[in-house]
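Shown below is the structure under consideration.
Chain nomenclature is as follows: A, B, C, D, E and F, assigned in order of appearance, with residue numbering initiated at 1 for each chain independently.
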Amino acid sequence: MLNKNIETFLGCDNEYGEADIVVFGAPFDSTTSFRPGTRFASRTMRGESYGLETYSPYQDKDLEDYFIFDGGDLELCFGDTEKALTAIESYTTRVLRDNKRPVMIGGEHLVTLGAVRAVARKYPDLHVVHFDAHADLRDDYLGITLSHATVLHRVWDIIGDGRIYQFGIRSGERSEFQWGKEHVTTQKFNFEGLAEVIEKLQGQPVYFTLDLDVLDPSVFPGTGTPEPGGVSFIELLEAIQQVSRLNLVGCDINELSPVYDQSGASTAVACKVLRELLLAMA
Amino acid sequence: MLNKNIETFLGCDNEYGEADIVVFGAPFDSTTSFRPGTRFASRTMRGESYGLETYSPYQDKDLEDYFIFDGGDLELCFGDTEKALTAIESYTTRVLRDNKRPVMIGGEHLVTLGAVRAVARKYPDLHVVHFDAHADLRDDYLGITLSHATVLHRVWDIIGDGRIYQFGIRSGERSEFQWGKEHVTTQKFNFEGLAEVIEKLQGQPVYFTLDLDVLDPSVFPGTGTPEPGGVSFIELLEAIQQVSRLNLVGCDINELSPVYDQSGASTAVACKVLRELLLAMA
Amino acid sequence: MLNKNIETFLGCDNEYGEADIVVFGAPFDSTTSFRPGTRFASRTMRGESYGLETYSPYQDKDLEDYFIFDGGDLELCFGDTEKALTAIESYTTRVLRDNKRPVMIGGEHLVTLGAVRAVARKYPDLHVVHFDAHADLRDDYLGITLSHATVLHRVWDIIGDGRIYQFGIRSGERSEFQWGKEHVTTQKFNFEGLAEVIEKLQGQPVYFTLDLDVLDPSVFPGTGTPEPGGVSFIELLEAIQQVSRLNLVGCDINELSPVYDQSGASTAVACKVLRELLLAMA
Amino acid sequence: MLNKNIETFLGCDNEYGEADIVVFGAPFDSTTSFRPGTRFASRTMRGESYGLETYSPYQDKDLEDYFIFDGGDLELCFGDTEKALTAIESYTTRVLRDNKRPVMIGGEHLVTLGAVRAVARKYPDLHVVHFDAHADLRDDYLGITLSHATVLHRVWDIIGDGRIYQFGIRSGERSEFQWGKEHVTTQKFNFEGLAEVIEKLQGQPVYFTLDLDVLDPSVFPGTGTPEPGGVSFIELLEAIQQVSRLNLVGCDINELSPVYDQSGASTAVACKVLRELLLAMA
Amino acid sequence: MLNKNIETFLGCDNEYGEADIVVFGAPFDSTTSFRPGTRFASRTMRGESYGLETYSPYQDKDLEDYFIFDGGDLELCFGDTEKALTAIESYTTRVLRDNKRPVMIGGEHLVTLGAVRAVARKYPDLHVVHFDAHADLRDDYLGITLSHATVLHRVWDIIGDGRIYQFGIRSGERSEFQWGKEHVTTQKFNFEGLAEVIEKLQGQPVYFTLDLDVLDPSVFPGTGTPEPGGVSFIELLEAIQQVSRLNLVGCDINELSPVYDQSGASTAVACKVLRELLLAMA
Amino acid sequence: MLNKNIETFLGCDNEYGEADIVVFGAPFDSTTSFRPGTRFASRTMRGESYGLETYSPYQDKDLEDYFIFDGGDLELCFGDTEKALTAIESYTTRVLRDNKRPVMIGGEHLVTLGAVRAVARKYPDLHVVHFDAHADLRDDYLGITLSHATVLHRVWDIIGDGRIYQFGIRSGERSEFQWGKEHVTTQKFNFEGLAEVIEKLQGQPVYFTLDLDVLDPSVFPGTGTPEPGGVSFIELLEAIQQVSRLNLVGCDINELSPVYDQSGASTAVACKVLRELLLAMA
């Protein structure tokens, strides 16, 4: 009996039952206002991850020593945002119910909302750590409330004031920054103050959402809205290792758009970031 | 007093008041299920159209001899399909009210629905001539009823049986072809029978919707879903000249996706098709 | 219990036990002398095949009505040609032993040799039908006998004179054409005479090897050695339908190189050819 | 009455009469000796600028608060360099006469000469601050005196010794550096000494010419002659803010070549640099 | 003693003294008004020609049997058109003086003027056969008289009425076609009438200039101004074989722009066309 | 008598007899396991090197002042690794015998083995300095012992313990790092400790092998296996200048893959690194 073709992210080939961490893809980008294409991120990352090793010399850990399951991509429909978010929420709920930790690969940043809905139901005192180039704090975008540009505002609707910690933010409307001052903690441009936040959130359940465009476009050009002036790869790696000291109950990485990554270097970055995140969490 | 930067499609630089034909862009692709990017078609076509001449040796006509206005692109939001369709419908209504003929540049094929809503209100006995690789006759797509894959079914909801004439169709689910046999006239693969349809529809108000993927991908690779086995450029040109013998009350061309057109040849095709269509209508 | 991520070619999701046809990938291109990259063909085709429908309006057949298994890609090492051929041969042998028909996705054309070794052992009276731009009849290439440029000569070593029928050939050294006149049947440039060959081979076991560069580069630019002057997509489709009247005991399609296919049109062609071939065989 | 399609750079949509700053494009690259394509920079930047926000968190300023006019692109002919320079000179003269400040988007670096001719006529004591990877100080290039490689030498012809301050220079012939020592101030590789120059030039009329290839190609690959070893985006931003403390009577940014910018990241950099420059000047 | 690196077009490795045909490159594109880049054609063709065979199954001839010299590329300066044309003229004169036949690889189409100046001096009764998508008959282009868009008008200045035979023309201003009717013979869209022209010109010295954009962009997308509706590769091959029955005293092929040829298929077409042209002439 | 077309790397146009340094290409990538294409590096670098100057402002030296010969590319066959290595070894031996120093342009990293075989025969006390992202220390890769992933292990087979000094290593299997601790000196991530190694190796014959992927993919995306987290261009330049203080008896730079370098920036980096290396050695 020969086997069907199974494709997982590098080293994430365990069975669901034995896994502690569940990786899955949320290929959705219907609200992307500038350049779409993040729907292809998870599939591309699975294929390209085999250019990496399972072993990390940064952490001296190996993915083969841990139990991680890759559930593949959700089948999300384009053109009905709420339906897509519901599908994400329900998969995440299932994973949480089985006491596993979800790690979602976006898609545009709005997919975070689906996951946070599920996670916040299980952990009402949830906090969110958010790395991004963009504040994503608008209340609506051209009249649309469910949008990549409003996602952190929607998360705030659920978890409320003082629970969101943003780092690396270097783009937004003036009004977003103003609103943010009242409701969230925003570190512009870099990761200054991250250590203090990590300290403060010890013991709390934390959802970590990583928009990869927090990286400088020199490092990560393959994204819908390249925003010059971002952090370096090493700065991000160190920040992730700090974040892993938290009680992470769910994570996502998002906004890789492979169609703008002709050299493949952005996908390699996304894969390596995911490997390091998984190893840090494991 | 220096002038602001005005960008129109080649030779379409007349004022609204004096124009007979109104060109506008509908940059929307939120329901595209495979590879998005048609939102960039109209803008790219405007820029690249200057590689063409205004004169057509095929028709011995020159765009400079006619009165055509380019209204630019509608500002459509991504993530709320109905809202986008309403905006298209309302712009089209305005154009029709002023007794001008709309020529819309998509976007994905669903934008046709917005225009047809307006046109069918003015012309209740409307017929539709449809060139495409795909039947687009599903009733829903993954539960979504407003989709690029359902657009001709939605048009049928408005104008009813026996009013839609499809040509060049070479892809669809089996059930689409079966449903189509009862409700629309479908010519598979090519333009056979077009002359008879043109004859039959003389005098009737006709909306002409041209999905450029009716062309073979060798001619037109720059589209979301390349479907081998299509018609040649010359076959399409001749078919358009035939169609122009109808009483065309509105038209659109759609599904150019510039991000998959690195050589620019697909955009050149789209521009030349639009030039020939405008000259044929004028 | 959630499921692992299974990726198959469109509509080829049956279990091995129930399948009549077994699709598998042979990602090998170590001997490619000009532009490598065919190793990525099978993986890319699986991902992109979802832009197609399972239903063919050409044959009025649907992949969902047949039992086809996709075994994924063999793990072939680069740099040791004989080892790679042995792995292909042994997988093919297994499939044949279970009375299923192998359909291999290359890879460079040399992979055919691995499959033919297995097939010819089971069917000693094997004939080969070969569509290609290149004769591939050299005895060696820069001193190498196992090469994409020698593969049909190596097949001839196994099955002997008068058993190989080539169509579409438009490139080769003068000496290849001269040698070919003695040992194989070569139709230059097109498919003339195919009907007669089909007639003659009725009842014989036939292996069909399809180098996709038999297509014109306008239709299929995404290949290592584009060779202008090839057949059209429709000509190939018709030829495949003719070939399917033979007793096909094994097939392959090869030489798609996705890295030279930025528009995706070549991959779409390869996927549609494979769909039509599978439907014709089923 | 519907409006024609107006396309301006982000936030530069004021009328000419009310504007303080006039942005315009000079799409010329006929003397480019290596890889042409900068002619497409201004058009591409206008289109892509909508991926940015009008608000800058760096300067806490918003383009919407200022009065900037975008006059579009000059129509320059290719193949007659002097004619193109004259057209640039005459547009610039008009802008200066109306007491507005010109900000030109190249094109190749030679376009600077056209603007400087006009500016130096109005401000005979003009100084020039020049950021670039290349010295551009040759007297002729293959016998041609009007060339991208000679432009600063031509500027020196007009304004004379001690008036040109170069920064970031990391490429040139040995003879250029030698000539430069006598006639201009050159800081190799970086912005060291910029503060002193800013101090010294206080009160003087200054033309600022920014060849974007002063940036490292990791940040800005989309240029005709990528020259590794350049400055970072943040270093450039800080230098621009320093330069804005001068009495800037004219500026240009040049050498973006969109055809070599497949990811769009270089265009994003150019747009953000222009936004920051405009905000710093306003 | 080891050898320096010599790079010639496939099979053109004879010494100058023994050669009958002299191939050389004219990498110039300064007057290109739309998308530049043909300056890279000759270099790219040399490198990629090794994907072809020296043997042609179309003509049953082999480049290795003939004596052809490749002199490499002229060093032409950008920005001084007359200087570049003079350099081409003088190299061509040298070749003609040595009783060899020049075959020039452009570059933009204007390079033809340099060669024709030399050839017409030696052969005052010269005729020109011209394959192209564009008429190239303007008297000036934006005030420039030496331009890719005026080149055949400039050739007419030298050789006069009734000496130019154009085929495949499908683009131009109305006035060009009108002027052409008086002075040249123009066959629109295809090669109809070529046989008669060949007959009529027997015995006359003929210069053959082949703008590769006479091919349809599906076959040849890699050019500055893709113009849909062109001839097929086989049609061009047959036309070239007809033309070779003339007394060809000089030839050129031009307008390949490799930067728009990501798949390499256009370069492969250009190389194969040149191979067939050389074999037909030899 | 006109000259054949000679193409050398920038400024390396001396005759073999007078040269001290011999540059040559080794276009081989048959064992590359991920993305092939380095076979095109040397040819592409020769062509693109003319975007650089011969003068280095870093070292204040000019290539025109030194005697360097470019022997072009070896003709290596794909599919027989040992044969290719033997060809490299024998060319290198010839160069060494003539008391010149070889500088080889790969190709994949395995080509180093061919050169080291020759160099170590002449210099039995050879040491190797190795810059790379990957350890390349496996004993076999999928059963293959001659592989890009094993090359430094194969070098160790020849020169033994304590003779290999690795810098910048950031990827490998855990077992490679473990084996490496016993047999080689490995500096992870950067160049720390390089000065001490340089000191220690004074007077010893040293072979320097530079895998360009030691650079961060932001600087050098055009490689088969981009590995984020690498060194900067300036760090590499400084390290090369240090290395040049050694008694370098042979060098190579490898792993540029132009097909993944659409902007050309990676090729520019490779060319500039080679220029600086040649100047440092000269």
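Here is the rule we use: a residue touches a chain if its C-beta (ideal position, glycine included) is under 8 Å from a C-beta of that chain, and two chains touch if they have at least 3 such contacts.
Given the structure is predicted, the values throughout are model-derived calculations rather than measurements.
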Starting at chain C, fewest touch steps before arriving at chain D = 2
Just tell me the minimum hop count from chain B to chain E, counting one hop per pair of touching chains.
-> 1
Taking all residue numbers used at the chain A/chain D interface, answer same if over half belong to both copies and different if under half do.
-> different
For copies chain A and chain C, the superposing rotation on Cα atoms, rounded to the nearest 5 degrees, equals 180
By Cα centroid distance, the chain farthest from chain D is C
So, what's the distance in Å between the C-alpha centres of chain F and chain A?
-> 38
So chain E residues touching two or more other chains come to 35, 216, 218, 262
With chains as vertices joined when they touch, what's the shape: line, ring, star, complete or other?
-> other
Quick one: which chain pairs are touching?
-> A-B, A-C, A-D, A-F, B-C, B-D, B-E, C-E, C-F, D-E, D-F, E-F
Partner chain A, residues of chain D touching it in the complex = 50-55, 57-58, 62, 216, 218-219, 233-234, 237, 262-265, 268-269, 272
Okay, in this complex, where on chain E does chain D touch?
-> 29-33, 35-37, 39, 75, 77-81, 83, 141-144, 146-147, 259
Residue set of chain A touching chain D in the complex reads 34-35, 169-174, 177, 188-189, 216-218, 221-222, 225-229, 260-262, 266
Please give the residue numbers of chain C that touch chain A in the complex, ascending.
-> 1-8, 13, 15-17, 22, 43, 46-47, 69-73, 94-95, 262
